[in-house]
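Structures are listed in the sections that come next.
You will see chain A twice below: alongside chain B first, and alongside chain C after that.
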Partner chain A sequence: MQFWAYAARRAWHTAITLVLLLVFMYVLFRLVPGDPTTILLGTGELTLEAQARLRELWGLDRPQWQQFLTYAGNLLTGDLGMSFYFRRPVVEIVAPMLGNTLVLMIPVVVLAILLGVAAGTWLGWRRGERIEEIGAVLALIPRALPVFWIGIVLLALFAYELRWFPIGGMRQAFFYPETWYQALPFFDVARHLVLPVATGVLASMADPLMIQRTALIEVRHEDFMILARARGLTERAQRRLARRNAILPVLTYSAIMVGFAFGGQVLLEVVFTWPGMGRLMVSSVSQRDYPVAQATFFLMAAVVIGLNLLVDLAYGWLDPRIRLD
Partner chain B sequence: MRAQLPRDQFAAAALRAKRRQVLGFLGGFGLVAPGAALVSAIDAALNDAAAQPAPGQPVGKLGVYLPNWPDQVELWRQLSRDWAPLGFELDLQQGTLDTFISQIVAEQKLPHIGSMSWGGAPDRLDPDYFLSEMFHSRRTARGGLNFGFYRNEAFDRLADAQRAEMDPAKRQVLVREAQQIIADDSPSIVLYHRDIIHAYNKRRFSGVKPILGNGIGFPYMPLSYQDITPLTPRRFIRITSIYDIASLNPFLTPEIYNSTTLRLVYATFTTRDEKAEVMPWALERWNVVNPTTVDITLRPNTRFHDGVAATAQDVKFTFDYINQHRFPALSRVYEAVESAEITGDLSVRLKLRQPSAPFSANVLGYAFLAPKHIWEKVPANLATPADWPNDRPVGSGPWKLVEWRKGEFLQFAANADFFMKPKLDGMVVLPVPQMESMVGMLERGDSDMLGWNLDMTLGARISRNPDLEVVRTPTHGQHELRLNCAMAPTSNKAFRRALQHATDRRKLLEIIFSGAGVVSNGSPITPALESWANRDIAMPEASIDRARAVLREGGFTWNAQGQLLMPPA
Partner chain C sequence: MTEIALPAPSRSRSLRRAALLPFTSWSGGFAALVLLCVVLVALLAPWLSPYDPLVNNFNPAGQLRRLEPPSSAHWLGTTYYGLDVLAQLIHGTRIVLIVGFTCAVLIALIGTNVGLIAGYYGGRIETVLMRATDLAFGIPFIPFAVVLVALLGPSLWNAIIAISLLMWRSTARVIRSQVLSLRERGFVRAARIAGASDLRILYVHIFPNVLPMALLYVAFDIAWAVLAEASIAFLGFGDPHQTSWGQMLYLAYVSGSIRQAWWWTVPPGAALSLFVIAVFLVGREYERLANPRLR
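And then the complex of A and B:
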């Protein structure tokens, strides 16, 4: 089969997955008891008559299938709808939060992979030594701990006791620099980033580390490595060669890792009061703000599904056998 | 007796609820078409049969719904122990506040007991709220707060009469009488009114003003911020709050935190003073001409934040606008005011649809002065002007909005034109969704005031810091156990009275909130609200023997195993 035919088929499957996801999420959120007006009703802030009027204004009084068709139709034109809670287009609510989330997530993923690969290579190269055993255990400890717990411990230590870093948030409102380095652009955001990024990296670097280590151990005994040694390459050059040849599985994994990072992000954002999508996700669900909740979940799922598609296509391109299934 | 996880009856009820939702949902898509009324009738019958003990039979299990908050869990841990000698079991069902509201308030599916706490929103200061909203038979409808189905015609008449009585002295008598009926009938066990505990940095600021139901840091009553004075060169205060607002449009949201925050910018016509008495705010005075006619007069020289002078035109416009668009958030305004008519440069005559005693507090204290020249230009293509973003709010209140960055901060500047100019230059509200972070920020000096309810443990920790001061303020908000008056055994008055005696309020307040609060004498109105509370109601004696005696008098007996038996038919 031609590569393009394969690509088209995979893209079609992805599209179907996304549509099913959309329907599934729509149904799921509607099954939760109550709607966005119920919360206000119960506190006595809204009378039953006023609630009925609000439901009418927000289109919640129409049959579910009509609401769904409107939603799906708007989505085709890129319109994610209006938030019930904020009464603004969902895009206006979600976009800045997605930006904030990426500011936190990208350094976490990049650093976790870089540090994981470096440490994994180093450990793999020392296969069988005492240091390798200790290193592997050390790397697995933070992996086994809940990410919010690591965050709380780092906060207690470096923010509450030592007071090196802020307690949370992304910026300090009205930050006045007192020294030259505090006046550097992004200084304020950067110091807010240190603890959450450290937490995220600690929690997620074990996977790339262990994968890289295993791959490196396999690669070390390949013929080309023996040849390299025979050619008299320095230890450092040999290690570089091994690392490059062992890195493919980590790259594959990094697509999955982005998905996990999105999920872990929710806890990270709550612990560090980071104004990102994770927190928006939590609050929009409890506020029954369906359009925002659906958009955040959909966006998250779409990123993971999209990355999987890219990886599949890359495989199909690299290894023609896969196109034949 | 041990508190048990939801099983049998409750799990079954939950399952039925889910099944019904699924059916209803599918029905919406046209897939199946069950008669909703039929389904609910079957459910109701099943529920009642399962939950109600027959005459002469063991009372068995009482269904209790409680929110999954730590203080509620502790409360029921205590009550399961304290009530055990009475000879029945408890079936505790925990859930979120949302579930409570959607199942018990909106769907009216209270098991025997619903455990809830009500915050001290300003409109609840008027006794009408905790009497009529909670116990008038009219409010047993779905969505009403009389979800315990309490019905008493004598009480209904009093509740209606006090609402219509425009003379405060006469109204006081009616309000106190109504409280006595509630205390006697016991449709609810009002436990206590938990103090509001806030904290601030006393090295940097002075002049905080604790107000009943508001503390020093809530935005509910603008007067509390008015006299805060800086002691350092920085002339603005940073307050942390657990919430952020959702919108800058004052016509949109009825949610208490959002609406009161916006009313710092949009001055209400009246407000509450330090003693929580109603005082004029945007108004210079108001005058009740007759029970359905109220004359109001604006303060002279009032200016909106854009410099435009406010006149009677704006007042009339405000009421007309609310009547025309029937904003759900302002339903209490259009339900009260029929028309507004200009009688002078600054004065307007309001015609009410019916006499309303809480009018000056809850309508004039909730409606705000809206600038006509701004709102008449709102684009007409919106479904409602409440959907307009209103990014640059222009009001006439003590604070001007400078900037709102969602999830980060809300910045205000003092309005020098306001008749009572704030002593600060500005105010920054920082939404911090976690209590621990809020305390940490206050301790580190990153914030100057903690505007959210602390518990005593955190309060004690904060007060060890010499820079910080913890302030306790009483509130009219309350914790209660609502009893289902339409389902045995809680439908039995002797049973409800017995629970009053079996519940040791002082002990519970001491254990759960370290005693920070005021215990109730059975009336839903706090004794701290001096003008309305009925202090003559005798506090039910906390004694399990007394409780058993009351049960015996009511015809209840115990079998050999010590189980409580219903009175014979």
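And then the complex of A and C:
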């Protein structure tokens, strides 16, 4: 019962955060000079009387709080409006892009965590050795490199110079397989994925690595580890035991990492011209297509806020002490 | 190392020790030297720079020096627009310093005050401030910066505002938790009994105690802020009239020059990385001082 009280409180906090987000976005997107009718006015297709009528029709003459309620209601029910640029409902434009974004993001996050845990365990196990000191400094380096620069360097090397991989995009327009493996269903997409995934993994594996290393160093001196050594477990078996017991902080961090991943995702998609939500967001902002920009922004923020709620709930489920705070 | 635990030395000596601390390890010393170089180059940019970074260069025949590889006239070659890469690189250090310093000050101001006020007053004020912090954590950073800078117009100051408006979040959380434990300590109670006002307790008694932690967090934020500004510039929302390292990479990318012009793409990226690594390494030395468990 106590868990449900905790869950309800967390859900309530999340709901408040979501409302704050809506208010924040409402204000943010009204920083633009003029209103939606101004854009039409600029094209010369609209007289001032027609503009006034349009304002009335679209409810732009109503008080701000009424406008906000309509706005929030529409967003929450999935009515994201019409794109100025594509002249189609925003949902139709954003939905396929969200899918493409996930195709790139999921392998990045999964691989970054797996490799980060492996490398972190390896480093933490060698605590105090010279190689661990050097490794810890080296691990800082990919974290300090700008994501887009890693992308540029990999592109110049492996796409332009060596021609091993395509220079960007998600699929080749007319791809004719020459051998049996090239005819496999996802071969073309996979080939396009290699460089962006490698870039994303390099840039984001440092955090799980450092967290796993710290956790492993702490676990190493627990009683059960001393017992394991006394029982005569092999070095490998000991390390496996330590790794398993040190992995919880990385798991909880992984949800936060998905939140950060959206930021890096925008840069990745732009460098590798990946047809995802991040690239759509940048282009829609440049084209002043505010309904689309707003929808992409709202979706990303909502996913991050939702994931934070999930992490909190998982915390409360796993560790009963947290429910009391 | 044990000396630190001894009774506090005079203020000038402890200041000198703090300034020299990074030099106690090879990585920290190297990093401190890098930062020193960046500051010097930024200050001396007009004298060090061989050319004006925004003026196109022409060869004797009157043609634009487009994408020329490094030569004795242009040590790091030229860009697609005939600009000198070295001059741009040198002038880029100024943006790094402006962004790093301004963001650090703004983040420290917002984050420390939110944390202090929320932790000290508690109750409804705390709830409101902490919900605002949750919101700041819920907003994905780069998308926010892109939207804000695009709406306000691309300029360096708008980028700085966008960065600072979100990055105060982690400082605020850490400072709040510190204040929560500090406000129950004896010296705070003593001050309250002596009749000190809330403001005096907050800023005279509590603030100096959270200052080291705040400075540490802000130091790491300098690195993130510089990377964030470069990212915004790379996405094409940088100030078109200024030369920043992110802007250089953006122009190299959009002009389609990354396939051959390594002399244009490698220096700004390497310089950015070096700066960020240096900040991390120096920060790490001070972190060890603040948190002895890491030693």
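Please note the rule applied: the second predicted complex is superposed on the first by the 285 of 325 C-alpha atoms of A that agree within 3 Å, B and C clash if a C-alpha of one lies under 4 Å from a C-alpha of the other, contacts with A are read in each partner's own complex, and residues count from 1 in each chain.
The rule is simple: a residue touches a chain if its C-beta (ideal position, glycine included) is under 8 Å from a C-beta of that chain, and two chains touch if they have at least 3 such contacts.
Predicted model, so just to flag it, every value in this text is computed and none were measured.
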Which partner does A:Ser286 contact after superposing on A: first (chain B), second (chain C), both, neither? both
After the superposition on A, what does A:Leu31 contact: first (chain B), second (chain C), both or neither? both
Check whether A:Trp149 is in contact with chain B, with chain C, with both or with neither, and answer first, second, both or neither. second
Once chain A of both complexes is superposed, is A:Gln182 in touch with chain B (first), chain C (second), both, or neither? neither
Give one of first, second, both or neither to describe whether A:Thr47 is in contact with chain B, with chain C, with both, or with none. first
I'd like to know which partner A:Leu267 touches here: chain B for first, chain C for second, both or neither. second
Looking at the overlay, does A:Tyr160 come into contact with chain B only (first), chain C only (second), both, or neither? both
Per the contact definition in the header, classify A:His13: touching chain B only (first), chain C only (second), both, or neither. second
Report, in rising order, the residues of chain A that make contact with chain B in one complex and with chain C in the other. 31, 160, 270, 286
In the complex, chain B touches chain A at residues 17, 21-22, 25, 28-30, 96-103, 105-107, 121, 129, 133, 141-145, 238, 246-247, 249, 252, 254-256, 326, 328-329, 331-332, 335, 383-384, 386-387, 389, 405-409, 411, 428, 430, 432-434, 437, 440-441, 444, 446
Residues of chain A defined as touching chain C within the complex: 13, 16-17, 20-21, 24, 28-29, 31-32, 137, 140-141, 143-149, 152-153, 155-156, 160-161, 259-260, 262-264, 266-267, 270-271, 278, 281-282, 285-286, 293, 296-297, 300-301, 304-305, 308
Quick check: in the complex, which residue numbers of chain A touch chain B? 27, 30-31, 33-34, 38-51, 53-54, 57, 63-65, 82, 85-88, 93, 96-97, 159-160, 163, 166-174, 270, 273, 275, 279, 286, 288
For the complex, give me every residue of chain C touching chain A. 27, 131-132, 134-135, 137-144, 146-148, 150-152, 223, 227, 230-231, 234-236, 246, 249, 252-253, 258-260, 262, 265-266, 268-269, 272-273, 276-277, 280-281
